[in-house]
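Two complexes come next, and they have one chain in common, chain A, joined by chain B in the first and chain C in the second.
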Partner chain A sequence: MIAPYLTQKTWLHRVGAGHKLLALAVISLGFTQLYDGRGLLVATLAVLAFYLVTIFGHWSRLRLYAPLVPLLIGIGALQAYASGWELAIASIARLVAMILLADLVTATTPMLKMMDALAPVLRPLRRIGVDENQVSLAVALVIRFMPVLLNEWTKRGEAWRARTGRRPPLRLLAPFVADILRLADHVAEALDSRGFSTKRSKD
Partner chain B sequence: MFETRDIVRISLFAALIAAMGLFPRLDIPLAGGVPITLQTLGVMLAGALLGPWRGAVSVLLFLLLVAVGAPLLAGGRGGLGVFFGPTAGYLIGWIPGAYVTGWLMQKTWPGNLFLRAYAAALVGGVLVIHAVGFCYLAWKVGMSLRQAAVADFIFVPGDILKALACAYVASIAGGDRLTRLNVPKQPS
Partner chain C sequence: MTQPGDRNIVLSGVSLARQDRPLFAGLSLDIAELRVGLIGDNGAGKSSLLRLINGLLLPDAGAIVVHGLETKAQRASLPGKVGFIFQNPEHQIVFPTGAEELAFGLRCTGMNSKQADVAARAFLAAHDCADWADTSVGELSDGQKQHLCILAILVMMPSLVLLDEPFSSLDLPSRMKFMKMIAALPQQVIMASHDLDVFANFDRVIWIDGGKIAADGAPAQVIAAYRQRCVDSIGRAP
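== the complex of A and B ==
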């Protein structure tokens, strides 16, 4: 698995997450206003060059785009058939440019910085009863639950395979879901008994 | 707004959706070995078992993690780029999809739990998600709605199978005596 975040530092890593997100929003707005086919193509090639220069040397990253290629070809073919080549190329170019730019932000911004950039957006949610502490607890729990779930599922799958010699069927999913729901309730009880009360944090 | 138990369950299903992108492929009868991502099944289950609000929040939490750069979508994709792609509508559609599934699950209809869950998953998990998905696709790349619907249709049969799987799991896991799940108590 190739992680979206690029660990080797590039100059874009030093730019603040908020600025990058703002730039992304402005540029994406610009692209939707760009209708001239040739201009669009030039802009897209510029974005592509910018992208390649920034991730220079980390070519394995390009493999992330492999699943996108047949999709883009399909869309392009369908559009060329229905409304002509020029429109097809224009819409593909627009898509490619925006995906590359958005990916650059992800590639050069660590997850924690991104969460920090989100904090001012989350703060007004307090008024409708969403606490930032609850959000961060939820995020931490998702990250903690993932390996637990995978482990638990693998264990069941292996037990099934050892007894039948076949791949685990869908039938195994039902008791799995029932058991992980029970696990979640235990975790909630443990959290509550250790003083994490959502009711108390309100006042 | 949410109690600790709700927050933990919301996180659990967000993690389940994430894990389903990584599960070694399950054998789904009838699918004929076509590899299909199970993540939509996780979305349907979140709606069916957690209820409309908690289900939708669970999906939102998952998408938030994807947006900030966690490689949680099937095939290890993630990051903001995903939301600028042509198929972003299918991801956004997960939120109303989970909501509608959970909402329909709460309606008392004749028929057993399995049929009710199947109907809910079909409308919420297949119809709503695909509707949002292909409308967005049409808008994003400037196709006509009909063209987008045709392109979309290839993926419908797989999702109908997932709705079946969701109904199966929800009718068994939900029939368990778990407290305060979305599923109303069944006379046994």
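== the complex of A and C ==
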């Protein structure tokens, strides 16, 4: 299965995977600690500007995230109802900033580099009998497949719209989950047939 | 690489149930030819047979020995010997760039990341695909993706290559290119396909029907028998 990696090299391609993941974690943590509404808005706009400058010319990438818009509006509405507009805007700003930053990391980091960066962090898991290589592959796959799944959801929605002329309803989730499970089976077979689960990569 | 003596695939009394339905019951089969085709209707058991041979499926009863390896007991060694090409390259390619896709298999065989990367790039370059090393796989055409899948398997130097409907989504030029490529492989090849023309120069074709071998032998005879059965069954249909 294939998820978008930016072939055209940006300066961010040259930064080590470990550094990028660390920066992502620190900045994301920073965003959760930022409570001032105006400050948050400025920070999010700064992230957006940084994002647009970095992926300059590859705007179509943003279209991948279109399906998230209703979700963000839903979260915002719920927050606005429960705790007021200011908090709602703050929550959405946080989410948007984190999504954009995470996307920059996936767009500019080869997956094997990502796995190599994660493996040492996960090594302590070995003490409880968990193989860090398998966990790092799982994490990398989740990161890589997120945009793919969003794309699949859009396709399902389009098929629905083509047949009914209406917006896709929530119950479309059931066949979508079935799609994901089938996809997971195929990917697992592909990994298995190349010996991932039987022999371990060592570094 | 393949030695003349270790090209035997032997299924003895193999039984397998799929979704609680028996598919193979006591199937026995010897395969030693270099080019073998599998034909039959959807659900007849072609894919399951291929998956039994590479150890993705294990038999409920009986035994399968592939190039000297028993699939149950020596399953861990199979990926090094048996390469598998899937129908949909989108399912097989799990990595975002060509070099990573090739390097992954090499790392599974125990190479470290540096060696695997160097070997993957060298292999791509040797096959006139050096450009793909850092190209996002999403930018490749369907034919190029399938080509990459085949290279990702060949880089592991298998002695047997299994192909499960590898060309069903490809255009005619891509099909012809791959058939030429497959014809030139030194490896033993077993391929399942609905495109019966691709088997013209194969050594043997096996027709599987409902988990049983309906016909087995030279491509021309077996394919003719299968075509006739299809014509007859359409004639009988209401």
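In this section, the second predicted complex is superposed on the first by the 118 of 203 C-alpha atoms of A that agree within 3 Å, B and C clash if a C-alpha of one lies under 4 Å from a C-alpha of the other, contacts with A are read in each partner's own complex, and residues count from 1 in each chain.
What we mean here is this: a residue touches a chain if its C-beta (ideal position, glycine included) is under 8 Å from a C-beta of that chain, and two chains touch if they have at least 3 such contacts.
Predicted model, so just to flag it, every value in this text is computed and none were measured.
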{"item": "Which of chain B and chain C A:52 touches, first, second, both or neither", "value": "neither"}
{"item": "Which superposed partner A:159 touches (first chain B, second chain C, both, neither)", "value": "neither"}
{"item": "Contacts of A:5 with chain B and chain C, given as first, second, both or neither", "value": "both"}
{"item": "Which of chain B and chain C A:169 touches, first, second, both or neither", "value": "first"}
{"item": "Partner with the higher number of touched chain A residues, chain C or chain B", "value": "B"}
{"item": "Which superposed partner A:111 touches (first chain B, second chain C, both, neither)", "value": "both"}
{"item": "Which superposed partner A:150 touches (first chain B, second chain C, both, neither)", "value": "first"}
{"item": "Touched partner set for A:71, first chain B, second chain C, both or neither", "value": "first"}
{"item": "Partner chain in contact with A:91 - chain B first, chain C second, else both or neither", "value": "first"}
{"item": "Which superposed partner A:196 touches (first chain B, second chain C, both, neither)", "value": "both"}
{"item": "Chain A positions touched by chain B in one structure and by chain C in the second", "value": "1-5, 110-111, 141, 183, 187, 191-192, 196, 198-199"}
{"item": "Chain B contact footprint on chain A (complex, rising order)", "value": "1-5, 24, 28, 64, 67-68, 71-72, 74-75, 78-79, 82-83, 87, 91-92, 95, 98-103, 105-107, 109-111, 114-115, 118, 128-130, 134, 137-139, 141-143, 145-146, 148-150, 153-154, 157, 166-171, 173-175, 177-178, 180-185, 187-188, 191-192, 196-199"}
{"item": "In the complex with chain A, residue positions of chain B that touch it", "value": "1-5, 7-12, 14-16, 18-19, 22-29, 45, 49, 61-62, 64-65, 68-71, 75-87, 137, 140-144, 147, 151, 165, 168-169, 172-173, 176, 178-179, 181"}
{"item": "Chain C-facing residues of chain A, complex", "value": "1-7, 9, 110-112, 116, 141, 144, 183, 186-187, 189-196, 198-203"}
{"item": "Contact set on chain C toward chain A in their complex", "value": "54, 56, 75-76, 78-80, 82-84, 86, 88, 90-97, 99-100, 103-105, 107-113, 116-117, 134-139, 145, 152-153, 156"}
